[in-house]
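Below are two complexes that have subunit A in common, paired first with subunit B and then with subunit C.
Coming up: the complex of A and B.
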């Protein structure tokens, strides 16, 4: 199905199932611990052996000697795989560094060996006995130090509209401020894990991966084998946040280990390995300049960002939202990429916007203060209904003003004292903050297959993944709505490369595109049903498990009484995303209390008002947003991969050192979705919320801390040591 | 984790005899710290002697009017004991400020005292660490030090002791009772249990090889307002940046008759300098000036000095009611 004109009325608009708050159809499996996660799939193939990965002990250099004799001598050890005996390996399109290091070491904890043994304990013990001698080389590990040598990244040119420099210099009110965000880890619950089994030259990987088709291609490229000989199976994923977009060392080493051992091998990354072995959100240095007239109209807006990555890597696109969020005739954005020898930087929940808004939305708060304006009013004044770089190109929907105004009303923004450090409740300094949330809506093709059996049961098959977001349920809702059956007459099968290729889970594109693909396949199935039943009318009615046309009504299953009906289709997009800017918007509101003695920040209330197209399942959408708000709170207050700038690694590489919010950190969270349908986005008229929820939260927290204390912290995370020196005396 | 053998001791005497005679033997109680370290091959005991079944899990009144806390009393049980809550509130508060409910259900009194530092360089076997591998150097010095020690440290080690419970016990003048191989017992003032690192940071306590902690005794209650204030980056389940254990006897409005204070999160052991307590009436600034007079902070952890002072000030305000 080609989607190249705005959606008219279609079966989804019935909203009998879609749009209703719906429990997860996979909920019972999750709550009873029976959803099969990769490492626990003991039954899928017999005779599984255990692999344990040894990570490099240096950040950059070469292995001069690797002695695995002691490891091989451990009882139960079956094989030891290293670069020396692994054979020639390619590198996947989506990987920057090799997944198996040696002799060259590109980053700390890059895998250098896999021990395969009869038990996990034997493999782990033996891995600890491998002696690796390194010739360490000097590397670059400090973004601030590397900043001046950073260059324009490939495919990421500067954007320039009008005369930014001139307009900024001429502006009567100006802000020029620099912000930093640290490296952050995904820190999802389920580690990267894979079971690999060979059958001749065919390889099956039961793994935990957000993007099945990318995974197949990259495994093929890495192992130098045809894609058709590779099967990836990943039906349940215990969180990914972008950390599982790509094939990682667990999958490659399991495949190599299984080949070496001559039997299936399972590998999970240990928690201490995850932070340096895999990918992370790169740190940024961001300079923002805003010029405005005295009455608050932005005349110049400039955003530059510096980040680092391994050679051949990509920048963190932190300036992305600044090209679209506010009006202003003179504009500049630029990204510079430094070579750093830290582990690979890559996507983490809302790459670009998440750290970008942590800077931009504090800058907007600072600018509002300079102007003596309410920060909400300042944002409203500079709203734009068209792409500010391409006048005449409208947003498909843009309800930022409504998000901010409704949020202000619900949150009691009018009670905020605009004078910082003026509200005190006992030992607490109290403040409120606001920020705009913004994240683009990406459209990309997505396919599905739908089967109808004689009992009227509809089965959806697509290689789409559910990373905990609720994909199973919205796909079932889509199929139920389109085929006119109740939810319990739909079965959903996901995450198998044997199924049609979907959009996968990433960039908050999963919900809209994967359901649109399922809708396309279901529409094709409806045609097949009509044909089979001999209904000639153009539009038979599908409802209540029955099909009606021209006065005849038959059970849907009757169309499959002679055998299953199968339809497959794909949603593909025309150029609506060129004609229209498609984005999602939010207003984030936060109230904090800061301990006047210690500077400890405790959140009191959080509110997000979101405008993101049709909300397919308000229940799971809310879960996505509150989870993202929690992650945004972590980014604001505590999350930082601490870099040892001499030794080139993230020091706090476990969950005791890399702190994410615990229950006690997160207060009451309220989420409101504005009524919105976006016929430009897809037949579903939906967009995404999974990343919108994090975008802007950090800045709202920072702005609330400023309102509470009068301390403006521009370096995240905002830990108490950055506040302490500026707090009033206590006696 | 290296392979190891395991047995259950039948009595304290049996436990210490075995610990002395079997090379590489370690006691195991709750195991909440030891097992983690074994998985990382930071601890590689050849033999584990399980002391959980030795009957050391009771809290008893002492003839002197204090309490004798068995070495195997779980943190949860100790924190909830009515005598502790009534007369040693600082201890109960410190316990519930530590770890998580699940860990406190398993962690023991003696194990808590003997837990090892959470210095990230100690935890990473690729990094030089004098505590883990004597003589290899300290990679924390000059590295990421925000969590690490500011006082009592040395050029060989700047790690902190992570316990909350021990800080409260220090301010309560607890005594550690032990039995040694051969059967002799002794009582060690808690101030003398942990050693400062000096040139030998791997030697963390004054216990001898095979010596087993059997109990911790608390002297008779001293009264006063007993407070524990733990400062950390998140609201729960984090080690202290700074913690303050204090017992303060108010004296009229805004006055203090006497007070005791110990700090956590700043030193290789619970940090108490009795001489500082003479300044309690003058306030937190004067007390902290003495307590942390010898502080040698880094750029990353210098804030701990000010944080300690301000946290103590807040505690004194609260104590005066």
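Coming up: the complex of A and C.
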């Protein structure tokens, strides 16, 4: 199905199932521990051995000697795989560094060996007995130090509209401030894990991966084998947040280990290996300049960002939202990429916007204060209904003003004292902060297959994944709505490369595109049903498990009485995303209390008002938003991968050192979805929502801390040591 | 050196089980790898995340931090022992109703912890945030959040988990627990 004109009325608009707050259909499995994750598939193949990965002990250099004799001598050890005996390996398109290091080492904890043994304990013990000698080389590990040598990244040119320098210089009110965000880890709860089994030259990987088709292609490229000989199966994924977009060392080493051992092998990354072995969100240095008239109209807006990555890597696109969020005739954005020899930087939930808005939305708060304006009014005044770089190119929907205004009303913004450090409740300094949330809606093709059996049961198959996002349920809702059956007459099978290729899970594009693909396949199935039943009328009615046409009504399953009906289709897009800017918006509101003596920050209230197209399942969509708000609170207050600038690695590489929010950190969270349908986006009229919740919330926390204390921290995370010296005297 | 093996007998979800395990085998791996009760999750293997929480002899423990052979004669309850899809435990049902999970990987640990936390409060065991040791603790937001803080949920379902626990605790109805924190 080609989607190249705005959607008219279609079966989804019935909203009998879609749009209703629905318990997840996979809920009973997940809450009883019976949903099988990658490492747990005891039943899929017999005789599984255990693999354990050893990571490199240096950040950059070469292995000069690797002695695995003692490891091989451990009882139960079956094989030891290293670069020396692994054979020729390629590198996947989506990987920056090789997944198996040696002799060259590209980053700390790059995998250098896998021990395969009969038991986990034996493999772990033996891996600890491998002796590796290295020739270390000097590397670059400090972004601030590498900043001046950073260059323009490939495919990421500067953007310039009008005369930024001139307009900024001439502006009567100006802000020029620099912000930093640290390296951050995905820290999903399920470690990367894979069971690999060979059958002749065919390889099956039960793994934990967000993008099945990317994974197949990259395994093929890395192992130098045809894609059709590779099967990836990933029905349940214990969180990803971008960290499982790509094939990682667990998958490659399990495949190599299984080949060497001559039997299936399972491998999970240990938690302490994950932070340096896999990818992370790169740190940024961001300079923002805003110039405005005295009445608050932005005349110049400039955003520059510096980040680092391994050679061949990419920048953190932190300036992205600044090209689209606010009006202003004179504009500049630029990104510079430094070569750093830290582990590979890559996408983490809302790459670009998440750290970008942590800077931009604090800058907006600072600017509002300089102007003596309410920060909401300042944002509203500078709203734009068209792409500010391309006048005449409208947003498909843009309800940022409504998000901010409704949020203000609900949150009691009118009660906020604009003068910082002026609200005191006992030992607590109390403040409120606001920020705009912004994240683009990306459209990309997505396919599905739908089966109908004689009992009227509809089964959907697509290689789409559910990483906690609620995919199973919204796909079931889509099929139920389109085929006119109740939810329990739909079965959903996901995450298998044997199924049609979907959009996968990432960039908050999963929900809209994957359900649109399912809708397309269902519409094709409806045609097949009508044909089979001899219904010639243009539009038979599908409702209540029945099909009606010209006065005849028969059960849906009757169309499959002679055998299953199968339909497959995909959604493909025209140029509506060129003609219109498709984005999602939020107003984030946060109230904090800061201990006047210790600087401890406590979140008291959080509210997000979101405009993100049709909300397919308000229950799971709300969960996506509160989860992202939680991750954003972590980014604001605690998350930082501490860089050892001498040895080149992340020091706090476990969940005790890398702190993420826990129950006690997070208050009750409120989410409001504005009524919105976006017919420009897809037949579902939905947009992404999974990342919108993290976009802007960190800045809202920072702005609330400023309002509470009068302390403006521009270097995240806002830990108490950065506040303490600047707190007002204890009265 | 060959691994040192030991026999251990304990009860898991009401059934007597005997295993011959490497003495290095954690209770977690005994459950997941030997008994194939994979509902109990390995998130960190270091006692930092809580995904492996099970109930042993009535108390919750991180099963990654205790060796299997230490539990001779013990009684272990895992998430599978609380309820199964066709017969959910009230806490499991409340998690489904309040969407107290997303990816599902920390969920069994959260649920085992949640069940045990309410028992701890009922038993009068104080926590860091219990205001007075003289009074019996109550299942307030602050008490539950404090006691659940060893169970990390990176998907960030905390607010919903609290709603689920509050419902099971019967203290208040969901959505009305917007108490001011801290205060």
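Heads up, the rule we're going with is that the second predicted complex is superposed on the first by the 730 of 731 C-alpha atoms of A that agree within 3 Å, B and C clash if a C-alpha of one lies under 4 Å from a C-alpha of the other, contacts with A are read in each partner's own complex, and residues count from 1 in each chain.
One rule holds for everything that comes next: a residue touches a chain if its C-beta (ideal position, glycine included) is under 8 Å from a C-beta of that chain, and two chains touch if they have at least 3 such contacts.
Note that the structure is a prediction, hence the values are computed from the model and not measured.
Chemist: Regarding the shared-chain residue A:654, is it in contact with subunit B (first), subunit C (second), both, or neither?
Modeler: In the superposition, A:654 contacts both subunit B and subunit C.
Chemist: Tell me which partner A:497 touches in the superposition: subunit B (first), subunit C (second), both or neither.
Modeler: Neither subunit B nor subunit C is touched by A:497.
Chemist: With both complexes overlaid on chain A, does A:272 touch subunit B (first), subunit C (second), both or neither?
Modeler: In the superposed model, A:272 contacts both subunit B and subunit C.
Chemist: In the superposed arrangement, does subunit B or subunit C reach more residues of subunit A?
Modeler: C
Chemist: I'd like to know which partner A:57 touches here: subunit B for first, subunit C for second, both or neither.
Modeler: Once the two structures are laid over each other on A, A:57 reaches subunit B alone.
Chemist: Should A:720 be classified as contacting the first partner (subunit B), the second (subunit C), both, or neither?
Modeler: Touch partner of A:720: subunit B, not subunit C.
Chemist: With both complexes overlaid on chain A, does A:637 touch subunit B (first), subunit C (second), both or neither?
Modeler: A:637: touches subunit B, not subunit C.
Chemist: Given the touch rule stated above, what does A:663 touch, subunit B (first), subunit C (second), both, or neither?
Modeler: A:663 sits against subunit B and subunit C alike.
Chemist: I'd like to know which partner A:210 touches here: subunit B for first, subunit C for second, both or neither.
Modeler: Neither partner.
Chemist: Please report the subunit A residues shared by its interface with subunit B and its interface with subunit C.
Modeler: 121, 125, 272, 602, 654, 656, 661-664
Chemist: Within their complex, state which residues of subunit B touch subunit A.
Modeler: 1-3, 39-41, 118, 120-121, 123-127, 139, 142-144, 146, 231-239, 241, 283, 303, 306-307, 310-311, 313-314, 317
Chemist: Give the list of subunit C residues in touch with subunit A in this complex.
Modeler: These residues of subunit C touch subunit A: 1-3, 22, 24-25, 29, 32-33, 36-46, 48-49, 51, 78-80, 82-86, 88, 92-93, 95-97, 99, 101-108, 111, 141, 144-146, 148-162, 177-183.
Chemist: Enumerate the contact residues on subunit A facing subunit C in the complex.
Modeler: Those residues of subunit A that touch subunit C are 23-24, 26-37, 39-40, 42, 74-76, 119-122, 125, 186-191, 236-241, 268, 270-272, 425, 428, 467-470, 593, 602-605, 619-620, 622-624, 626-631, 654-656, 660-664, 666-670.
Chemist: Which residues of subunit A touch subunit B in the complex?
Modeler: Its residues touching subunit B are 57-58, 121, 124-125, 128, 272, 427, 595, 597-600, 602, 637-638, 642-644, 646-647, 651-654, 656-657, 659, 661-665, 717, 719-721, 724-725, 727, 730-731.
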